[in-house]
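Common to both upcoming complexes is subunit A, partnered first by subunit B, then by subunit C.
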Partner chain A sequence: MSESSHFQGRIITDEQAENITRVEELAYELKVNEVMTKDLITVTPETLMQEALEIFRTNRISGAPVLKDNKLAGVVSIEDLIHCLQKNDLKSPVSKYMTCKPLTVHGPDPIIEALKLFVNFHFGRLPVVDSNFALVGIITKGDITRGILKAIQQDYQEEEVRRYRASHLFEDIESDRSSLILRYTIKQGDFMRGGAASSAIKRALLRLGATPQIARRTGIAVYEAEMNLIIHTTNGGVIRAEIEPHQISINVYDDGPGIEDIDQAMKPGYSTANETVRELGFGAGMGLVNIQRCVDSMRLESILGKGTSLKLKILLPKKELVGEGYQTNEEH
Partner chain B sequence: MNIQEIIDSLQLTPLTTLKNYQAVTPTCGYASDLLSCVMAGAAHQSVWVTLQAHINIVAVASLLDLSAIIITENAQPDEATIAKANEEGINLLSTQEPTFSVVGKLWELGLHCQQPKNK
Partner chain C sequence: MNVSELIKLIDGKLLSENANLTREVKGGCGADLMSDVLASIQPEAVLLTGLCNPQVVRTAQMADVAAIILVRGKVPPKETIDLAGAEKIALISSPFGMFELCGRLYQAGLHSLEVSVSDPSCGCEE
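Entry: the complex of A and B
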């Protein structure tokens, strides 16, 4: 990944920013001193190249910082050794072959700074120094790869822990009846965010340990209700989902315009959606029908000019309870 | 059958960032441009064929756990739609062909209908 041009300095647009991967984010989050090697093997300018070769071989390293009076004087690498071998000059001191004034990074720098230098200058390692130019560590591409892998592993474990905690949510809370309430305000005409609330509820249910099938059913029902708020209301509305171990109750309400004829609205294929909305693929007249198909009970009440209220319930069979540690990968 | 084989034999253009297409193995297919019909009719892990290209197709596919959307007749989703699809892990594939011929080819490849099981 250090070879990737992704890490070179450039200005990114918002759209590109949305596509930034977790690895790229980590390149900005992780600090050099979190991934660098601190146990250092160093040489001095007076060390002979022959001795350096021996140090490289016994420690299985391919380069080392050169210290003079505890300050960084240079870096000597296996490449310098090869030059030296070509000239059959192993009796010379390191100072003759080392890279003087090497590029350095600081401990608190994000690792992206080191990656930029690796990409642009093709060094194998960079010394890490403090503000007094005293050596505190060394960083290689390998250190960065290991650091990123470790962080990703940690992310994964944290998600596992979150899932575990969520799936035991109700277990330790004692009450006669515990529930979790999620509320979403939906704006009229906001097609860009259409499906955001239903996706969020679906995700929450999966975290709570609901089966994929229950999560999908709830997702579909809430999506249709959400799109109805976006398409048909005057001022948008509210979705309230109450999750209990044995059932999910969803209330959707708005303040107008209300449905003129509920029986008609419930008929498959009946729609009052306008032409623009239909062009987007909505207004199939299937929304309420879909909701009914996905839930165990549905109550739709509406007063023309006042608003509409939709109450849905999805019952969770005993083996599909959420929040009590029951988890399954089984599909139904 | 996996998505890679479908991309190859139908010569589709992936619009989302390359994933491990071999690992995604759709079981069936569905075609419609009406989102609520898709909600009602597409079984999960379906390939959905449509000429709709706006952002709400991503929400639909994500809620249904569909494996891919094939957008026909070269309809172009905007960048926000592609970004959203990347975020949700939905494969967007594009083709010049009309829906009818895409469905025909998918059927010949062995992708048939399956009833969604929602209850």
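Entry: the complex of A and C
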């Protein structure tokens, strides 16, 4: 839809912003056309009130837009029907009792606009029109409540569902020894994306049910290794993370240039990084030292001119095993 | 102190979207060397830094940093702001310098969440 919203944002202070709830945010985020009813039951000005009553009863609705030549002419509601019944005037046309020129909202408006009208004017429903005043839907307070509840549920469920599914992976798939292998190709010099692979591994571990401490240790170790591939290699390299319920094994390898003196490279503060790398906040000679501090075992092998291979292991003590089933076993 | 109180305290400007402003900040750490940060920072700290590239956000994400403050009114590239938004980490710019900011935060009750890098025990464990 090319039509833009008529809604003008208002400025709120930091103090107010602090107290904004997710529901209030949603009142500004959700659009009228996302929650409105699109399957419309309409009447015309010539429809008799008696017929309108029948339409309301069979469709279990409490109001309907009135269309004349496909343009919105008004709204007729149960209240209008009551007025009509009081006068015993059911043979009259809808045009006699309907609300003419009803207040309307636009599809791209945030639902807060509709809420304001509901609060200020006590209508049960608002017609939704496009810029040519053609009817595109109708919105009630019930539509808004349902829309907000659905959005909140989605927010909450998306990550929960992912975590729930992933955490059952190791219990749902049977084998003598199951493992999940994640592979990432890292490009030399790709500083902008540096850390993307480590991020993905950390997130995967959390979804698999690893504790925040384990995810953090693994994340930091892999991140340093990933930055090493970006900074020091000739052609980049590969990160391979194998996740098992009892341990995480990480292999990082490249095809050059290799490390001349591994003992020297392991010394805190030793670095061969250039000025550009240092400007990025790396190359302080702490990378390998950091890795070693975060893992349970580390093996670094390198052949000058051939490449380097770094093997890391993080052992998961029984209570921290990945996968939810293992945690429940613990409680028995 | 939560992130939104922190922003007020330092005349900060929140640059990133999606940040949880009620997240609790448990202490602070100031450094420009990301390897130092990774080696020394404890979880849920605010990171004060003069570095503006996306690696700051990656580092923060790996180390469970609660919020990032860019000192001396630095304006980061769009990539950094976008990444902070995607990772839901508060990225804040403050006009004050590193020294002034550390002072303000310390006076407001935030303590250091940096451990010595020569400490043999791994800083990642709680």
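Definition applied: the second predicted complex is superposed on the first by the 179 of 332 C-alpha atoms of A that agree within 3 Å, B and C clash if a C-alpha of one lies under 4 Å from a C-alpha of the other, contacts with A are read in each partner's own complex, and residues count from 1 in each chain.
The criterion applied here is as follows: contacts are C-beta pairs under 8 Å (C-beta built on N, C-alpha and C of every residue); 3 or more make two chains touch, one makes a residue touch a chain.
None of these values were measured; they are calculated from a predicted model.
K.L.:
In the superposed model on subunit A, is it clash or fit for subunit B and subunit C?
P.N.:
Verdict on subunit A: clash between subunit B and subunit C.
K.L.:
Which partner does A:39 reach: the first (subunit B), the second (subunit C), both, or neither?
P.N.:
neither
K.L.:
After superposition on the shared chain, which partner residues are touched by A:191: those of subunit B (first), subunit C (second), both, or neither?
P.N.:
In the superposition, A:191 contacts both subunit B and subunit C.
K.L.:
A:263 contacts which: subunit B (first), subunit C (second), both, neither?
P.N.:
neither
K.L.:
Please work out whether A:212 is in contact with subunit B alone, subunit C alone, both, or neither, and reply first, second, both or neither.
P.N.:
It touches subunit B and subunit C both.
K.L.:
So in the superposed three-chain picture, is A:224 touching just subunit B, just subunit C, both, or none of them (first/second/both/neither)?
P.N.:
In the superposed model, A:224 contacts both subunit B and subunit C.
K.L.:
Kindly classify A:281 by the partners it touches after superposition: subunit B alone (first), subunit C alone (second), both, or neither?
P.N.:
The answer is both, since A:281 touches subunit B and subunit C.
K.L.:
Shared contact residues on subunit A for subunit B and subunit C?
P.N.:
18, 191-192, 194-196, 198-199, 202, 212-213, 216-217, 219-220, 223-224, 227, 280-287, 289-290, 293-294
K.L.:
What does subunit B use to touch subunit A in their complex?
P.N.:
Interface residues on subunit B, with respect to subunit A: 17, 33-37, 39-40, 44, 50, 52, 54-60, 62-65, 79-80, 83, 86-88, 117-119.
K.L.:
Per the contact definition, I'd like the list of subunit C residues that touch subunit A in the complex.
P.N.:
By the definition above, subunit C touches subunit A via 4, 7-8, 21-22, 32-39, 43, 49, 51, 53-56, 58-59, 61-64, 79, 87, 117-118, 122-126.
K.L.:
Quick one: which bits of subunit A touch subunit C in the complex? Just the residue numbers, please.
P.N.:
It is residues 14, 17-18, 191-192, 194-196, 198-199, 202, 212-213, 216-217, 219-220, 223-224, 227, 268, 280-287, 289-290, 293-294 of subunit A that touch subunit C.
K.L.:
Any idea which subunit A residues touch subunit B in the complex?
P.N.:
Listed in rising order, the residues of subunit A that touch subunit B are 15, 18-19, 191-192, 194-196, 198-199, 202, 212-213, 216-217, 219-220, 223-224, 227, 280-287, 289-290, 293-294, 332.
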